[in-house]
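What follows are several structures.
In the two assemblies presented below, chain A is common to both, partnered first by chain B and then by chain C.
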Partner chain A sequence: MSGESIRAGIDRTLGQLSGDVRSAKGMFMLALLLIAAVSPLLVSRHWVGIIIQIAIYALVVLSWNFIAGYFGLFTFAHAALFGVGGYGTAIVAAEYGVPPMLAPLLGGLAAGLLALPVIVPVLRLADDYVAMVTLAYAEILHRAAIILDGITGGPTGYTGIGSMFGGGQLVFFYFVLAVVAGLALLQYGLLVSRFGLIARAIRESEDAAQMLGNNTIRFKTIGFVIGSSIAGIAGGLQAYYIGIVSPPMMALTQMIDFLAMAVVGGLGVMTGPVAGTVIVHGSTEALRQIGDIRLLLWGILLIAVILYFPKGFMGDDRFWDRIEALLDRFRGGSS
Partner chain B sequence: MSTLLETRGMTKRFGGIVATDDLDLEVREGEVLGLIGPNGSGKTTTFNLLTGFLTPDSGEIRFRGEDITDDRPYHVSRRGIGRTFQTAKPFSQMSVYENMLVPAADVSGGAREEKARRILENLDIDHVADNDAADLSGGQKKLLEIARVLMLDPELILMDEPGAGVNPALMDDILDRIRQLNDQGRTFLIIEHDMSVIDEITDRVTVMNAGTAIATGPFEEISEDERVKNAYLGS
Partner chain C sequence: MVDSVLVAQQLINGMLFGGILVIIAIGLSLIFGVGGVLNFSHGAIFMIGGYIGLFTAQLTDSFLFAAIAGTIGGFILGVVIEVGFVRRIRSRDDIGIAAIMLTLGIAIVLENFMRTTQGSFHQSLPVSFGTAVWNVGPIIVVSRRVYIFLLAIAAIAGLFAIIKYTKVGLGIQAVAQDRQTALLMGIRPNRIYAITFGISAALAGLAGVLLAPLFSIYPSVGWRPFLLAFIVVMIGGLGSLRGTLVAAVVIALVRSLATTWFSTQTTFIILFLFMIVVLYLNPQGLKEVVEA
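Moving on, here comes the complex of A and B:
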């Protein structure tokens, strides 16, 4: 890619972004980002920690949505690759002394590399079969993390990763926020480009997309590797956040949590994963004080969202059109 | 007329079923060739073989004299062969205009957009450019498929049942477009069950039965052919 085409891509992304942030959904996202940015002034350390966790999970769900929501490849290997990124980061940092700010990038590389073996069957299969083969692959990675205890620390996990920024929560908080925002912007830039258009075409009809001269295998491979690598980087941030990487990070239950966040937020909508993660993880934490009854309430919340927003909270255009109309009235009144 | 596309001895088996059997097919430059035959005679399999969705077990496919037997669909398309599908496959969650930007045309940026607008205008569907493709009528969806294919300037266009799911008034419109594009020098290979359409639009017709070509010639000629009558009547 030439410098000129990268510049043109950045210009196009910023041009599109300046329009999108003025929409109701864009303003909602901007408001969430601003609230997150000032939150250390307003809430306790405990809640700043929860916002860090939401930001990391949002990055994982964003990258899953990049693969599943746009290309239509419903991978179940994403939590496992999130874990691979965590282990990769922890191992290069602890064993090889890689600096903390660089280590998550290598974790992302590890996840990208370990995504490659499953891409071959994924490219040949469609729909439910993609889910099945990636589920099996995820279980292989999960079991490997348990069995290979000489490398991974086995069932108890890998410790000794150290901390980022000397353990200062506030700097780490802003670092995570910046990384998540930067990688979200990268995905946004790709999705508003021709790359995103072809991804959506593949999701709808790969045959037609191919017959229109597009090497769909190349697009799907690139999409899968980018999405998996970003999950790996998120895994690296998670490793520094909790100070341990252990097999549950790669388990199916973790994957199901990510799926719940994606579905609640809305598939194939860039803003969906952020809203979904805030709603699902935020409510889980907010309800923690009331004990186990929170699981019941959480279930009711999930059913309510699915009933009233079947396309997810951000995917329901009628709802957002109404908000847009209200905003227009406000804009009209203020001008 | 020189040969544009040909198959020699093209055979494809699915388990014990022979879908195309030693098939020889010739499409000449500038013609409209119809491909007809009873259900299950191997017409759509032939299209899938010609466009790289399937690879023949034996035999070869040549386009402009070059061997394209093992090409993948996007290679075939880039060589100058376009295809529309039996069930129209518009990208329904995109606008009509966005659909036009999916083809890997050899123009980019503003030139691509300009070309898309021009083609939509020529096919008289520019007034729905900003509509979701899902909202188009059956006929408009077929026109959109043709429009998308034209973004790649194909020499040869393969159409699988252009009349399926289209009301008669719009069918006339589609036939006019095919004639117009043929006058501009594009070659067509068309599968169609409606014999009045075949009679009206084709220069020659190849009849398939049990995976092989049993007759080729002008429609009036082959419609009198005993082998063709037997194939359709099953006697």
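Moving on, here comes the complex of A and C:
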């Protein structure tokens, strides 16, 4: 891409963004970002930590939505590649002395590289078969992380990552927020461009997209690698956030959490992953006192969303109306 | 030779485990073949079956009653899942993916329901049957495993008999082949879907009870058998019962032999790798090879 076309792309993205941000959903996202930005003034360190976690998870879910929601490639390997990014970051930082701010980028590279082998079968398959083959690949990566204890630290995980910014939570918080917002903007820019149009064309009908002269294999590969690399970068942030990278990060249960966030927020909607992560992870943390029942509750939430709001919280306008009606009834009932 | 005894011992164990793996995998394959649904709550149904068996065994001290209760409980749960949940999304364009997410949600709910009511600790089935140990030459066989294996074989034979010789079975075959034509022939697909889901879940519930005396029961116990069954079904050919049968036996044997030399994790890696290769080369699985 030449410098000029990049500048044109940035102009187009900003133009589109200035329109989108005025819509109801855009305002909602802007409000969330502003609340997050001023939150260190308002809430305890514990909750700032939770907001960091929400931001990192939101980035993972955003990048999953990039692959699944726009290209229609329902990958189950995302949590595993998130973990690969975490391991990659931790290893280059601890063993090769890569500066902490740079290390997650290399983690992203590692995730992108390890996404390549599974692309070969993914390109040959469709729909639920993509889910199956990526699930198998994810399990291979997960179990490899457990076995290869010389590299990964085995079942107990890899420690000794060190800290970013000398362990200052506030600087790290704003760094994470900036990285997440920046990478979200990058994905947004790609999706409002021709690239995004072709992605959606592939999702709706790959044959038609191909017939119109698009190299769908190339676009699917690029989309898959970009999405996976972003998950890897998020994994690097996660490594610095919790100070340890361990196999559960790559487990099927972690993947299910991400899927739930994506589905609750809404597939194929740019704002869905953020809302879904805030709802699912935020409520999980807020309800920590009630114990395991909260896991039962969000299982029920997931089922309810799939049955009644298949487009998710941000994708279904009926949902907004119903919430409004529910609030009205609540207001009427309490007064 | 000591090695050949070890191998023979492992093969026997693998065979006995294979019997149970068949009934888990065949249920998974059946639902996919008839309804196009990859049921991620299959492992959770297995787990619920195990708990039902556990409670029944505590009350009656009979393993046979436990197995029957687990089977019936599984059947009811399966019908409820199909009629109450899966049916509502059946007409959607993205049924494959939506069904995966929906059944994942059901699995989460079932698992955490048991976790909140029963706790996460491991419980074992209090049955005192088949404790005799048979020595076949140098090979040791615990008779309980053989009885359990025979029960599994009986269940598989029962399933094949139902599908081959009953009217319901004919309906299942018809809907699996062509839903529209089946509808024109006076078969109600919704009823067939419910029965198929019920039968599949009954097998999972039974498997949960059958495996309980060998392992133990806890809320997340279903995931490992589910993943194994998942591999089996992929390799055997989704929806092909005979392919699944052969693949289950082969994989159970491979697994028990491999765990002699490799760790469980490495064995799983090999199996998943094999699954990816099979899917890549032939998304239909190996069923053509088997049925030809």
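Convention: the second predicted complex is superposed on the first by the 304 of 335 C-alpha atoms of A that agree within 3 Å, B and C clash if a C-alpha of one lies under 4 Å from a C-alpha of the other, contacts with A are read in each partner's own complex, and residues count from 1 in each chain.
One rule holds in what follows: contacts are C-beta pairs under 8 Å (C-beta built on N, C-alpha and C of every residue); 3 or more make two chains touch, one makes a residue touch a chain.
Since the structure is predicted, the reported quantities are computational estimates derived from the model, not experimental observations.
J.: Looking at the overlay, what does A:302 touch: chain B (first), chain C (second), both, or neither?
T.: After superposing on A, A:302 lies in contact with chain C but is clear of chain B.
J.: Taking the superposition on A as described, I'd like to know which of chain B and chain C A:139 touches: first, second, both or neither.
T.: It touches chain C, and chain B stays clear.
J.: Tell me which partner A:116 touches in the superposition: chain B (first), chain C (second), both or neither.
T.: A:116: touches no partner chain.
J.: Of the partners chain B and chain C, which touch A:197 in the superposed model: first, second, both, neither?
T.: first
J.: Using the superposition described at the top, determine whether chain B or chain C touches more residues of chain A.
T.: C
J.: After the superposition on A, what does A:129 contact: first (chain B), second (chain C), both or neither?
T.: Only chain C is touched by A:129; chain B is not.
J.: Touch test for A:216: chain B only (first), chain C only (second), both, or neither?
T.: In the superposition, A:216 contacts chain B only.
J.: Applying the document's definition of touch, where does A:256 land relative to chain B and chain C: first, second, both, or neither?
T.: second
J.: With both complexes overlaid on chain A, does A:10 touch chain B (first), chain C (second), both or neither?
T.: Once the two structures are laid over each other on A, A:10 reaches no partner at all.
J.: Quick check for you: in the superposed arrangement, does A:207 touch first (chain B), second (chain C), both or neither?
T.: Only chain B is touched by A:207; chain C is not.
J.: If we count contacts the way the header does, which residues on chain B are in touch with chain A in the complex?
T.: It is residues 51, 53, 72-74, 76-78, 82-83, 85, 89-94, 98, 101-105, 148-149, 151-152 of chain B that touch chain A.
J.: Under the definition above, what is the set of chain A residues touching chain C in their complex?
T.: 74, 118, 120-121, 124-125, 127-129, 131-133, 135-137, 139-140, 143-144, 146-147, 252, 256, 259-260, 263, 291-293, 295-296, 298-300, 302-303, 306-307, 310
J.: Touching chain A in the complex: which residues of chain C?
T.: 38, 85, 88-89, 92, 94, 96-98, 100-102, 104-106, 108-109, 111-113, 115-116, 223, 227, 230-231, 234, 263, 265-266, 268-269, 272-273, 275-276, 279-280, 283
J.: Looking at the complex, which residues from chain A come into contact with chain B?
T.: 194, 197-198, 200-201, 204-205, 207-216
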